[in-house]
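Heads up, the next two complexes both have chain A, just with different partners, chain B and then chain C.
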Partner chain A sequence: MKLAIKMAYRNLVGAGLRTWLNVIVLSFSFLVIIWMKGIITGWNHQAKVDMTNWEIGEGQYWQEGYDPHDPFTFTDSHAPVPEEFLGEIERGDMEPSLIAQGTIYPQGRLQSVMIRGIDPKQTIFMLPSYKLDTLVTGAIPSIIGSGMAKNLKVNVGDRVMVQWRDADGTFDASEIFITEIFTVSVPAVDQGQIYLSLDTLRSMLGLEGEATTLTYNNSEVTRPAVEGWVHKSKTELTSAVDELIKVKTAGTSILYIILITLAMLAIFDTQVLSIFRRQKEIGTYIALGYTRRQVVGLFTVEGTMYAVLAALLSAAYGLPFLAWQAKVGWTMPVDASEFGMAIAQTLYPVYSAGLVIGTVLIITTVTALVSYWPSRRIAKMNPTEALRGKIQ
Partner chain B sequence: MLAAAAMLTLQIQGQDPDDILKRVERNMSSENRVFESTMTINGAHRSRTITSRTYAEGYTKSFTEYLSPAREQGTKMLKLGNQLWIYSPSTDRIIQISGHMLRQSVMGSDLSYEDMMDDRKLTELYTAALGGDEVIGGRKTWILDLTAKVSDVSYHSMKMWVDTERYVPLKEELFGSSGQLLKRTTFEEVEQIAGRWFPMKLTYKDVLKSGDGTEFTITSVQFNQKIPDYIFTKAALKQ
Partner chain C sequence: MLQNRHLVFRQQSGSGKTTMLNIIGSLDIPSAGEVTVLNHSIGSLTQKEAANLRKKSLGFIFQSYNLFGVHNVFENIEFPLLLLDYTAAERKKMVMEALEWLGLTDKIRSKPPQLSGGECQRVAIARAMVKKPSLVLADEPTANLDAANSHNILRSMEALNREFKTTFLFATHDDKVISYLRRKIFLDDGRIVNDELTGN
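Our next item is the complex of A and B:
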């Protein structure tokens, strides 16, 4: 085997440009596949981290009627905060949020909006909720996301009219004052949402002490089941991201297949050509006592070595590139906020050892198979004819 | 001068505001009605007119079919109690309007679907008080201040300018719980139809929204007609 590797290496290096063209194409495939997989892993990681920080914490309790995908449920999705959780809320380890529907009138236009009440002193979400404590005359302090601000065409310091219905269905309206605009990559936190102080919203709706969701920051704590509230673990709340990543992974796999196929086509052709041109050499090996299997093995090792050399080459120029990408990230050329999913404008690839080793192993195995395939012809060759260089 | 003012106050005081409201309702409501109307929506940049035919039974049931323009033709709306469905011929689908969709405006007008959902009499919802008098369009009116006497009401208070002779409102203002003015309606072209005074032109204005409001003109109206029961069914939407 050692001899086969040594000979394969010499043959490859001796082939010069033909070898290096194959190696370069294959190394490019290595790099692109690892980078793309890294981007998707990074997106998955970033989406879950952002959702944790901005929307779901480490898990939530939903009032039993609440379904964020069904606007029919919003009006009645509120209930008094269960006594079992009051201690945790007091310590700041759980945050109640109240959700109501309303209408906002930016520049006299009419637009539906979700009004969310949060405690200005909360620390579970990264929302700049402390800005809700701003003293404003004749208006309700409010914070909104940058996507919503762009949509409404408002800036910090602007006043906009908001109309809502209280728990009894009675209309009321007031101006809100935009005290802060935050940037977030989670659309559910930004698009169509305005944030007011929890106490203010409770008083506007006549729902003192009530909430729609309860978000906690520690999943290790054992909590009792509470009637009227449904527990949602972080895994459940991020399952949409997992589904999306699964679909995206399947989609990008097509690109991997194209890249690998191109590289394998080049290796296959090289192998066929090599076997055709080196028939005398094959005959000589057999005359020297090599079994047919050993000759097939030699050519297979030679082909597989493209993958090894490609891995080394891609490590040489790819590692600095991948490291640089992990640092600066990849900024998407289109506006990610309009994608409707938790995706940051700049994605930072995450490479795991499993990802790199797995990719190298898969490509090397495929290369070995592709190298072996044309080499099987050797087993059918007549050694005497081969030695004479007769085309078979 | 003072004597005239005192006389007027006495005259106003002599009126029972609840009785005025009842007489207004007698004019404005009917067991059922069929009417054709045009709705002109005056937006910030342009105006457009929509014509429709409506069948209504009391306050709880109504069926509207849009007749023009071509874009809206065939669109139908059915209201039964607190439920509302819309049929769109372009998609051939019936959708129920609920939740946040109720807050959307009807065909871009100053009326929201929610505004169409109130189905109780004013006398059941509000306590009336006389707040003064005013002349509107040359007609003498009493100003009724209506304050909600039940909690589940859309508007906490209303101000209604009622024609002192014909007992029809000539203007209405609707207020939120905080006293914020939300909607204003003016009533014009009052005609006597089948023994009742009825305004044929209404202008709705969502005061929070820009634009000149939505004009609603009734081109023909028939009261107390026999409306077939199938009209107020979801099946009628697709017919």
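Our next item is the complex of A and C:
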């Protein structure tokens, strides 16, 4: 094996440009695959971190009737905050939120919104909720996301009419005053949402002491099951991201397969051509003491070495590129807020040792198989005909 | 076959000299009869045994040199030693000696395309001789060389034969080549018609 590696290395380096063309194509495949997988891993990581920081904390309790995908449930999905959780809420380790449906009228237009009430002093979400404590005359202080502000064409300091129904079904209306516009990559926190002070919303709806969801910041704490409330773990709440990543991974796999196939075609072609053109050399190896099986081994190692050299070349020019990308990220050329999923405008790829080693191992194994396939022909060669270079 | 001989098969083109050398070199097997080389019956050797025989005891010199084009002179001559259990230092010493025998020390880093025909054949001889085999098979070794180079090559082989007691077996129909050799076996249509021994 040692000799095969030594000879293969000499043969490849001696072959010059032909070797380097294959190696460059293959190294490009390595780099693109690692970078794209890194982007998807980074997206997965970023989406979950952003959801944790902005929407779901480390887990939630939902009032049993609440279904975020069915606005008709919002009117009735509220209940008094269970006594079991009052201590955690007092300490700031759990935040109640109240959710109601409403309508706003920006510049005379009508738009349905979800009104969320949160404690201005909360620290679980990254929302600038302290801005809800702003003193405003004749209007309710409110914060909204930048995507929502863009859709409504409103800015900080604007006033917008909002209408809602209280617990008794009576319509009421008031002006809200935009005290802050925040930027977030989680659409569920931004699109169609307006945030008011929890106490204000409770008062507007006539639902004192009630909440729709309870979000906690420590999943290690053991909590009792509470009737009327459904526990949602972080894993459940982020399962949609996992599903999306799975679909995206499957989609990008097609690109990986195309890239690897192109590289493998080049190597296969090179191997077939090598075996045809190097018949005399093959015959000479056998004359000098190689068995045919050893020559097959040599050609297979030679082909596999393309992957090894490509990995080294990728490391040489790819590591600085990948490190730079991890630092500055990849900014999408289109507005990410339009995508309807938790995706930041700039994605930061995340590379793991498993990703790099796995990619190298898979490509090297495929390369070894592709190299071995045409090399098997050598085992059937007649060495005397090979020496004459007469095999067709 | 006698050891320490410089002998030749003489026969017309296309009538089996190369086939005979290939059989003696265990690259081919006889379709009938028995061929024994260095106490090995060629027809009964497995592929691995035949490869072992070639690796340890036989050297080959080809008409078209058959050097590895992407390897330099040193690497070409070193190759047979890589197949045997020599250390890197031993290999270097043996290759350097072979280069000296054939006056190639100044070409050590050259690659075959940078060498003349005569130099290529000297490298091929060095490669065949570096492991000091018992038998060297040479198939038309001077066919691609001019008269001066042919003379030099044959003189070199003659000197190596005398110095290392290695048997050289040539296949040729060239009278100039034959005149350098001591035992001459004349073949006609596959049969020995004459066997001459001249000199020591």
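Here is the rule we go by: the second predicted complex is superposed on the first by the 391 of 392 C-alpha atoms of A that agree within 3 Å, B and C clash if a C-alpha of one lies under 4 Å from a C-alpha of the other, contacts with A are read in each partner's own complex, and residues count from 1 in each chain.
Here, contacts are C-beta pairs under 8 Å (C-beta built on N, C-alpha and C of every residue); 3 or more make two chains touch, one makes a residue touch a chain.
Remember, predicted model here, so these are calculated numbers, not experimental data.
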Side-by-side fit of chain B and chain C on chain A, or clash: fit
Partner chain(s) touched by A:L110 [first = chain B, second = chain C, both, neither]: first
Following superposition on chain A: angle at chain A, chain B versus chain C, Cα, nearest 10°: 150
Contacts of A:G102 with chain B and chain C, given as first, second, both or neither: first
Contacts of A:N11 with chain B and chain C, given as first, second, both or neither: second
Which of chain B and chain C A:D168 touches, first, second, both or neither: first
First, second, both or neither for A:G354, with chain B first and chain C second: neither
First, second, both or neither for A:G157, with chain B first and chain C second: neither
Touched partner set for A:F72, first chain B, second chain C, both or neither: first
Touching partner for A:R292 - first (chain B), second (chain C), both, neither: second
Minimum C-alpha separation between chain B and chain C after superposing on chain A, in Å: 72
Shared chain A surface residues [contacts with chain B and with chain C]: none
Chain A contact footprint on chain B (complex, rising order): 44, 98-101, 103-105, 112, 114, 148, 151-156, 174, 176-178, 180, 182, 206, 208-211
For the chain C and chain A complex, residues of the former touching the latter: 18-19, 22, 25, 27-28, 47-48, 51-52, 54-56, 60, 62, 64, 66, 68-71, 75, 79-80, 82-83, 111, 127
Chain C-facing residues of chain A, complex: 3, 6-7, 10-11, 13-16, 280-281, 283-284, 286-294, 382-384, 387
Footprint of chain B on chain A - complex, ascending: 70-75, 101-103, 105, 107-110, 112, 114, 161, 163, 165-166, 168-174
